[in-house]
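Here come two complexes built around subunit A, the first alongside subunit B, the second alongside subunit C.
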Partner chain A sequence: MKHDEWLPYLLLAPSALFLLIFFVFPSIDVFLLAFQNSAGEWSWGNFQLMGDDFNFGPAIRNTLLLALAVVPLQIGMALAMAMAISKLNRGRDMILYIWTIPLGISDLAAGIIWLAILEQYGFLNTFMFNLGIISQPEGWLSYQHPLTLFFAVVIAELWRATAIVLVILVAGIGLIPKEYAEAGEIFGANAWKRFYKITLPLLRPSLQTALILRTLLAFEVFAVVLVLGGLDLPVLMGETFRWQFEYREAGVASAYAVLILVISIVFTLFYLWALRVPEEAQG
Partner chain B sequence: MTTQADSVAAAAPRASAWPIVWRWLFVTVVFVLCLWVLFPIYLLIVNSLSTPEQVNAWPKEFVPGFFLDTLAFFWNFEGVASAMFNSVIAALITMVLAIGFGAPAGYALARFRFRGKTAYRLMVLMTRAFPMPLLALPLAVIFLQVGLDDTLLGVALVHTALALPFAVLITFSLFMGIPFELEEAAWTLGCTRWQAFRKVVFPLAAPGMAASAVFAFVISWNEVFVAAILTVNNQTLTAFLVQSLNESPVHVKFAGGLVLVIPALIFIFAVRKYLFSMWGIANR
Partner chain C sequence: MSSNRLVNKLALSAVLAAVCGAASAEIVFYSTQARPLEEAQKMRDEVLAGFDGEVQFSPQEDGPFFTRIEAEQEAGEVTLGLLGALHGDFPQVQAALDPLDDVMETLADRNISDTFVGLAKLGTDNQQYIPWMQATYLMAANKDALQYLPDGADVNALTYDQLGQWAKNMKDAAGEPKLGFPAGPKGLMHRFLQGYLYPSFTDSVVTDFRGEKAEVMWAAFKDLWAHVNPRSTAFNFMQEPLLSGEVWVAFDHTARLKDAFDQKPDQFVAFPAPAGPEGLGFMPVVAGLAIPKGTPDRATSVKLIQYLTQPETQIKTLRAVGFYPVVDVQLPDDLPPNVKIGGPAVAAQASAENANPSLLPVGLGDKGGLFNKIYQDAFQQIVIRNADVKQILDRQAGALKRIIDETGAPCWAPDDPSDGPCPVN
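This part shows the complex of A and B:
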């Protein structure tokens, strides 16, 4: 069948062309926008404007701290949930569905959900008031309480985005042959040892995928922070939005984009190196 | 106590190694984690089904008042109805484009060996390591030049860039799961390649393709950053909520949150079977 030779290319062409126009070219274009001034000359001007802004330092600090606080907690929590799922017999599908519900929920909606709980006249304050812990509504999300605002974002992010890690890990555990754990059991390894010596090492590719994905998404945290903290907790993506949408400075916004991109690439490479799967173990 | 433990052990041999205390602790933890996911959504529903006065009251009630005032207020709030309509349109365009471009690519990757396959797969995987919403910045400039600025098509095109890699990967794993022999059998019985696809492969793949279409819809429906940057007058619902965050009263936010959540809940329920085929393949 001679005509089959060009058929795959014909089938791929639309999507390849689309990704070329809407992914490859724009991702080069971001750099051009960031490193050129409005006259089209090469310049560091955008980066200088970005660095001189009083929100720049806090935005970097908050974004990195958020990722540092959220991602390890999510990996730990998802790992525990995935192990629990593998132990379940009855109700496994039901529990799994419930636990993956946040996967379908927009970060904006997640922010609003936690706003309902954590705002000054919200459910948490009512609950604490009813218990007699507080005597009047406390503004946990106000700029006077930067620490509780930070924790509020951490909790909302934990609630929203642990599900994606869970799905990756459950899929990964499904790929591990049951025989390994059974062999471990026969040789007298207890449950903790089987988890630590058998499941965890074999789960490394999935953990790597989950870590990379979640860390990159953590650097893109935007709507949750915007809803809960607004400008009181500047983050990189929020600053990008502000420069683009409010100040109409596409160059500076692109400089932020380049910064986020560089941080993302550095972390991806770090994880690929730190969690590399040994040659001989590759299937 | 021992007799009880014995009877449990006899009923469930797998659990015999587990003391009864641990079993109860396990069940409790699983239950608490279910509450952790569901209870915040319940509280949002409470807020949305109360009157605006109840939403702003102190202290609050933990049961809904079952009034539709807040939702009605939200619906009549200026810009909301058109924003919801815009969100649906953008999501529908995204869905059609993502499946229209993604499914043929998934089929080609599953059925053919050809030069350039690795390069293509690499490009698709690259999108995973790239903060895709940032593409809205350079594309905003380009859209301004070609007259796509502040249009739903512009938003949908960027959303398609977000959804297309997923559509390719899901349909790829879908077609991999349909035996090639079935197609070959159809050919030997006189079908052309297209007929074999339409009559044999497509009916088998249809549910999965519907799932990935739904997935593309949800990606667009939920997306905030791109929509908020690319639209000014033709806002989608998320863009509207973000851009009016400081002006709109709290009960409008809560009603908006619920309207965002409900379709997502239904959709995730519909596609739950396919979540894993997607991420299972992404690990390889």
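This part shows the complex of A and C:
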């Protein structure tokens, strides 16, 4: 009996220890580093440097706009895809596998794939040029076209990371007992009504998980932007990387990391509150 | 990888210790250059094998390189025979260098460019090192673009005005801008600004960062940029857009144009960077040879310098490590295309009458990245984001001054030598 009680803790210990050593300690270190100057004294200097930088404002704006554009679209698309899949009888697994292929591709590779499609001499321009839709290949991915650049990143992010939301939602839909929908059908609820009144509320825990995960990842968007936009579309994670490895100012890089952490915590708390499952509904 | 390197180092130190203890018949050639294993082996097998005497070629990382030279000087027990390093490395060990004016006299027939000989005095009256080999940044052009050169322009002696006109002509002809710069995340645009644009227009890199000349320069470059391919902010290695035809004319480091020349040798030409009101600003990457004070066998060290600066040895070195000769030399026909195309342009740029060499930043330590950022940000704000020139320069000059003062870095060419930290006007 006693044996059973501590066995779970024993099994969890290695991973907890791993996270403690390779995640928690470095995080604390980064946190402290952000508030110290090069002499090791406590200081707001790193945050001042960060705030004074030309790229700070654009990086915050671009990161938030990207998250705002990408996350709702992904949730909507993933919901539609998950509902469609759940109605299938044959070929369900096959389609699920195909839709989740982008999950297996690194974000850098995803960026390169979309660059090959969207760049001036890429597939899209060549295709449209050969069809006679455009008179000459256009360079859309430049600082002269910030909007198309932004949408290129949105499209690449949709392609790359909708699947993770889809997987979570498909699992969530699978957990909803069929009886509720059948009962609704008997009482005359149409498909839309059943979706709004039954599926969506019961899917709330999965939606919460998907939203938190996707939003946090959206704040860390990096490689896709780097490949498609270079320096023309600064984002928070890209600035963190540059301060650390190009300007060799670990303090400012840490300040950026702390900022991303704070934004992430704020959004997570917001989702936890907004999508909380009412106590009376908790099993 | 790193543990392998450590083992190599340990083995090397052991060998060195044994050698140094045994006899001084072998001369130790200590170098920060030709460090990759393959290049080091080529240096031994193809370059140094022809020397009449035993040479122990020992490439080393910068840190240990300086430490050992300093330690030997302090201990008064010098075992090193010859030092090979970049121009920017030598000031750190200047006190340990034996003046080489007597050696320079014996090399009169080599015709080493006066510019380099002057640089190698490190601001003193004496020859501190002997120029050894060089790399640099060049312009490259697709041959199809040459027909659009403005009237009377010589591609080998362009001005920035002519480059602008050329870019405009190409844009008008092709319907899109065909001049490109490596202004991407991994590109070397900051070297263009520090080593080419600033010296050509202001005869300065740090001291006259702001001011009238700098404002004129930025205004001129902004005008030119209207005819530059906007994808430049994503270009890292210009050989790629050159090969794809996205750009016809480009600026970059010789190593980053190499593939274009090698893959389509009949399609591309290389030529020197343009000149501005203050001359042809260019950034040579010069490596030199020096002898430490108190070396055990100076006569052999001198003989080795004479051997390494022979035209045939310089060509062997070019094949081995890809650095160009600093001496007057006829390049043979069987060199790779990139050398045959780039070589004459490198020579023409270094020996141009109005050449105004600018060096890699010296003495900034790990602030080099922040130093580059000053120039990158100024470019991005002024040229890409249309910010006010004077306002940006004032702001960036403050940041520049902070970095220079913090590191205490003295001026480097083309700025006049300074006693303390390089002043920012």
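Structural remarks
Rule of thumb we're sticking to: the second predicted complex is superposed on the first by the 270 of 283 C-alpha atoms of A that agree within 3 Å, B and C clash if a C-alpha of one lies under 4 Å from a C-alpha of the other, contacts with A are read in each partner's own complex, and residues count from 1 in each chain.
Keep this in mind: a residue touches a chain if its C-beta (ideal position, glycine included) is under 8 Å from a C-beta of that chain, and two chains touch if they have at least 3 such contacts.
Note that the structure is predicted; figures quoted are calculated from it, not measured.
Contacts of A:198 after superposition on the shared chain: neither subunit B nor subunit C is touched.
Of the two partner chains placed by superposition, A:235 touches none, neither subunit B nor subunit C.
Residue contacts after overlaying the shared chain place A:213 against subunit B, while subunit C stays out of touching range.
When the two structures are aligned on the shared chain, A:142 is found in touch with subunit C, with no touch to subunit B.
Look at A:27: by the touch rule set out above, it reaches subunit B but stays clear of subunit C. Contacts of A:253 after superposition: subunit B is touched, whereas subunit C is not reached.
When both complexes are overlaid on chain A, the residue A:226 reaches subunit B and subunit C alike. When both complexes are overlaid on chain A, the residue A:161 reaches neither subunit B nor subunit C. Ranked by how many residues of subunit A each touches, subunit B and subunit C are led by B. Look at A:121: by the touch rule set out above, it reaches both subunit B and subunit C.
Residues 119, 121, 226, 230 of subunit A lie in contact with subunit B in one complex and with subunit C in the other. For subunit A in complex with subunit B, the residues that touch the partner chain are 4-5, 7-9, 11-12, 14-16, 18-19, 22-24, 26-27, 29-30, 32-33, 81, 84, 87-89, 93, 95-109, 112-117, 119, 121-123, 125-126, 129-130, 137, 159, 167-168, 170-172, 174-175, 191, 205-206, 209, 212-213, 216, 219-220, 222-223, 226-227, 230, 237, 240-241, 244-245, 250, 253-254, 257, 260-261, 264-265, 268. Those residues of subunit C lying in contact with subunit A across their complex are 175-176, 183-185, 229-231, 233-234, 244-246, 366-370, 372-373, 377, 380-381, 384. Interface of subunit B with subunit A (complex): residues 14, 17, 26, 29-30, 33-34, 36-38, 40-41, 43-44, 47, 56-60, 62, 97, 100-102, 104-105, 107-109, 111-112, 114, 116-117, 120, 123-124, 126-135, 137-142, 157-158, 160-161, 164-165, 168, 193, 218, 221-225, 228-229, 238, 241-243, 245-246, 250, 253-254, 256-257, 260-261, 264-265, 267-269, 272, 275-276, 279-280, 282-283. Of all the residues in subunit A, the ones that touch subunit C in their complex are 54, 119-121, 136, 139, 141-144, 226, 229-232, 242, 246-249.
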